[in-house]
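Just so it is clear, A, B and C label the chains in written order, and each chain counts residues from 1 on its own.
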Amino acid sequence: MPIPINEILVAVILLNFFILGTSRLGTCIMAVASQGILLALLPPLVHGVNGHSVLLSVGALSIKGVVIPWLLFRAIRRVRIRREVEPRIGYIASLLLSALITTAAFLFADRLPLLPLHIHSFFIPVALSTLGAGFLLLITRRKAITQVLGYLVFENGIFIFGILLVEAMPLMVEAGVLLDMLVAIFVMGIVMNHINREFSTINTEHLSLLKE
Amino acid sequence: MTETISTFFIHLLLLFGLSPLLAGVIARTKALVAGRQGPPVTQLYRDIWKLFRKEMVISETTTWVFRAGPLVGFAVPILAALLVPFGAMHAPLSFTGDAILFVYLLALARFFTILAALDTGSSFEGMGAAREATFSALAEPAIFVAFIVLAHTSGSLTLSSMLRPGPGGELFHGPSSMSLLLVSFSLFIILLAENCRIPFDDPNTHLELTMIHEVMVLDHSGPDLGLILYGAALKLLLSSALVLNLVLPSSGNDLVDTLVFIAGLLLLAVCIGLVESAMARLRLIRIPQLLVGTTMLSFFALLLIVR
Amino acid sequence: MHLYAIFALPFLGALAAALLPSERFRPLLIPAVGLLHAYYSLRLAFAPQPYPPDAMLGLDALGRLILLVVSLLFAASSLYAVGYFRTHPTWGNRIFIVCLLVFLGAMSLAAAARNFGLLWVAVEATTVISAPLIYFNRNRLSIEATWKYLLICSVGIALAMLGLMFVAYAGLQAGQGPGLQIDRMLAEAGLLSKPWLRTGFVFLLVGFGTKMGLAPLHTWKPDAYGEAPGLVGALLAGGLTSVSLLAVLRALQIMTAAGEDILARQFLLILGILSLIFAAIFVIRQRDIKRMLAYSSVEHMGILAVGLAVGKLAAYGAMFHVMNNALTKGALFMCAGNIHRYFGSKRMCETRGAAAALPWSATLFLIGFLAITGSPPFGPFISQLTIIRGIFDGGNVLLGIGFPFLLLIIFIGMSTTVMPVVLAPAEADPSPGEGAKETWLTVLSPLLLMSAVLVLGLSLPEPLRRLFQEAADLIEVGP
């Protein structure tokens, strides 16, 4: 049985498209969660089963795949928002943009000075296009919660790149990174709740009181 | 020479004989999933037979275009079917570039259906025609990109070799396996779109606001309607053959392969039935999204193989 | 031993604050921790301890400088915090104080981190933990500011993480064992793959530059500083920016060690000058005193970046300026907080004539304004002058003329806001008892800070001068 690394990475890109194209908030959260779970499988597959990679995998799985989605679902239940994504630019435009980004990522990745081991590997282009998709979500979505999702997708892109560098990071640092992310999402969830209480919406376009 | 002629006839026999059955299987599957008995699987044969014996009512405001619509809609799938291999059976006609002809033939049929709908002068049918035109314009890039992927992997522009990636189900092992998998999936979605199945269109509904295809043929009756129904069934078989050729492994034995192909057709019909039972029709506004998404899928498959 | 005290103290303090039930006595934990922390930091700062080459934690001259700056600022503002909570005895302060202490711990951790990954974690922790501090006033404006701060800085920090990974990849490609231990990276910097290193530096600069508030990545700054309590503004503008600067300095160190310092300096120069220009544009006719201070902070980050970009003498000036900026900005924000609380507004037109109502705060605000804009005899004057001298030494006359010119514009811009606030006759007497008067605690902190800035300007203590010099030398170490 060949190790399905490339298949997982392709699935990650398809999930990017899906997240950008779907209109339901709940589905969006589920998709981000499953992307996190897929990514959590990668460290042991790439680096073999050892203490470090397994711990990273378990940590990522529980935080990206379970705790954060749970926090987000709790957040949308609490603030009782409309379960629609409401993008600033249309879904089709976002899809086309993300296709452009993905193409650029694939073309660009082959021109990078990579290690011989990583030439033609899927890791770099997938990481780049996931970063792009995350950025796109951050910029083009109106709701606070979808911006958080964008941030998560962006983090996933970094995580993909980081898998190549598992040995470079001490476990403590990786734990710290994941923990920081968790607390960040937790705090964002609380802030979101307060935004909703103050403005009766979590549409961030209403956050325009402060300007020059 | 005799072999070519016999292939030709078997091809047409399969096409004409089997196509109404598929629609029946889909309807039956949906009925069973819903816990109903459902019509017999041969219902469509009987419907068509009944319609051919009826007389036709034709509106006075229409012209010859109105009559031409069903005829073209029936004739074109037959022509297109000659270009597509059915499992082990080679396509009776094949030449370089026939993939492009294939797409344009389908477009031609749609063009005439739309014209015939517009010819009635009814605003209602005009609305259906507008929708059909919009969505097919979005579906066509998806087919083209999928075909480009197939052309690239097979190194040929002939449907016969494009749709046969290799003996023994190369789909799941070869270097471009992932792209082919994605392409088969997007061809399946295109199948649903082209044949007006859920989640694009509901073939059973006659609700004004949601219809796309059904609304265009409302004014047809008798043999014309029969031709339309038969043409639709042919098209369904044709699109299924596209997907099946990619997915099915071939054993080398022609008879076995043909039987496997027929079994595959029926299985695919069951799958369509299951999809239709599991999903709801999409809101009209979401359909372009799905079609563009399908194009993206094919496009991504292309990206994977050309990099 | 002392090294661990600087993390253990704030975290233990935070734990105690979380457990202590009394709302009245809890604020006293802040000066207790702050003063002890300052004591240990002072000992660490002037008595360098060697650390093993592969250590996760350790203090080099840069780390000691930043630790000292953060710790002194925190200790001074801890008194203010007690006074602040005395004036608002009914406000719940548990979360605020816990976050404040953890914030101090995270900043100390960043100063002492010898692993780039750990540094990142600490800086990200400061972002997350300071969000509740900004939101302390609990109104629409502060929630908006908090959201922008949290999102922009998180994304910025994520970009920095990406940069970090690129640098790590550069190491992987050099064939050296991958790792983010700073000393090892410095030692083997020459081997790093150049394209990845350069890209990594750009991302690191953009990421941590967002956190520093370098233009054009400063957009969160006026909002966050404007809406945060004065105390938090002081710690953000003086402490957090210094810690982020440290992260940028680490990246610069690696670039210099790899012989890529020219590129790094160009980028720093561009961002620095942009910051000065942005600050000059937005500080003019700025009606809101806290937002004005925020733009002043953008300006000073620009000054630091320019100083670092020019190098040599200017780098020394920049190190000196880190301390001057932190202490002065701290005093200014606390005074602005006093004015804000008394008038219930931070708009210029509603806070006229503060000198009559709040003699100490207003006077200190005026003095702080003079100091921060580089008037003699205060510390910033000396450090800015040193940077300008460094620029001329480097032979860049155009920059040497343009730089003071921009500072002058900012001085004029700020004075049109500060002067009416402090000196104009009060338009209408606010009814007595409406706003909170200044107390000796809320005045003592800025007073202490301003006297320190004055001392720095009049005669720089020799140990401090040596510390600045050592820190500047660290940045200048070539391949």
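Here, a residue touches a chain if its C-beta (ideal position, glycine included) is under 8 Å from a C-beta of that chain, and two chains touch if they have at least 3 such contacts.
Every value quoted in this text rests on a predicted model; they were computed, and no experiment measured them.
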| said: Quick check: more C-beta contact pairs at A-C or at A-B? | reply: A-C
| Chain centroid nearest the full-protein CA centroid | A
| With chain centres defined as C-alpha means, what is the inter-centre distance between subunit B and subunit C in Å? | 66
| field | Length of the line joining the C-alpha centres of subunit A and subunit C, rounded to whole Å | value | 31
| remark: Distance between the CA centroids of subunit A and subunit B (whole Å) is 37
| Once bound in the complex, which stretches of subunit A touch subunit C? | 112-115, 131, 138, 144, 147, 151, 154-155, 158, 161-162, 164-165, 167-170, 172-174, 176-177, 180, 183-184, 187-188, 191, 194-195, 198-199, 204, 207-210, 212
| query | Can you name the residues of subunit C that touch subunit A in the complex? | reply | 56, 115, 117-118, 120-121, 124-125, 127-129, 131-132, 135, 138-141, 143-148, 150-151, 154-155, 158, 161-162, 165, 168-169, 171-173, 177-180, 193, 195-196, 222-223, 226-227, 282
| note | Residue positions on subunit A within touch of subunit B in the complex are 6-7, 10, 13-14, 17-18, 21, 23, 91-92, 95-96, 98-99, 102-103, 106-107, 110, 120, 125
| Touching residues on subunit B, where the partner in the complex is subunit A | 178, 182, 286, 288-289, 292-293, 296-297, 299-300, 303-304, 307
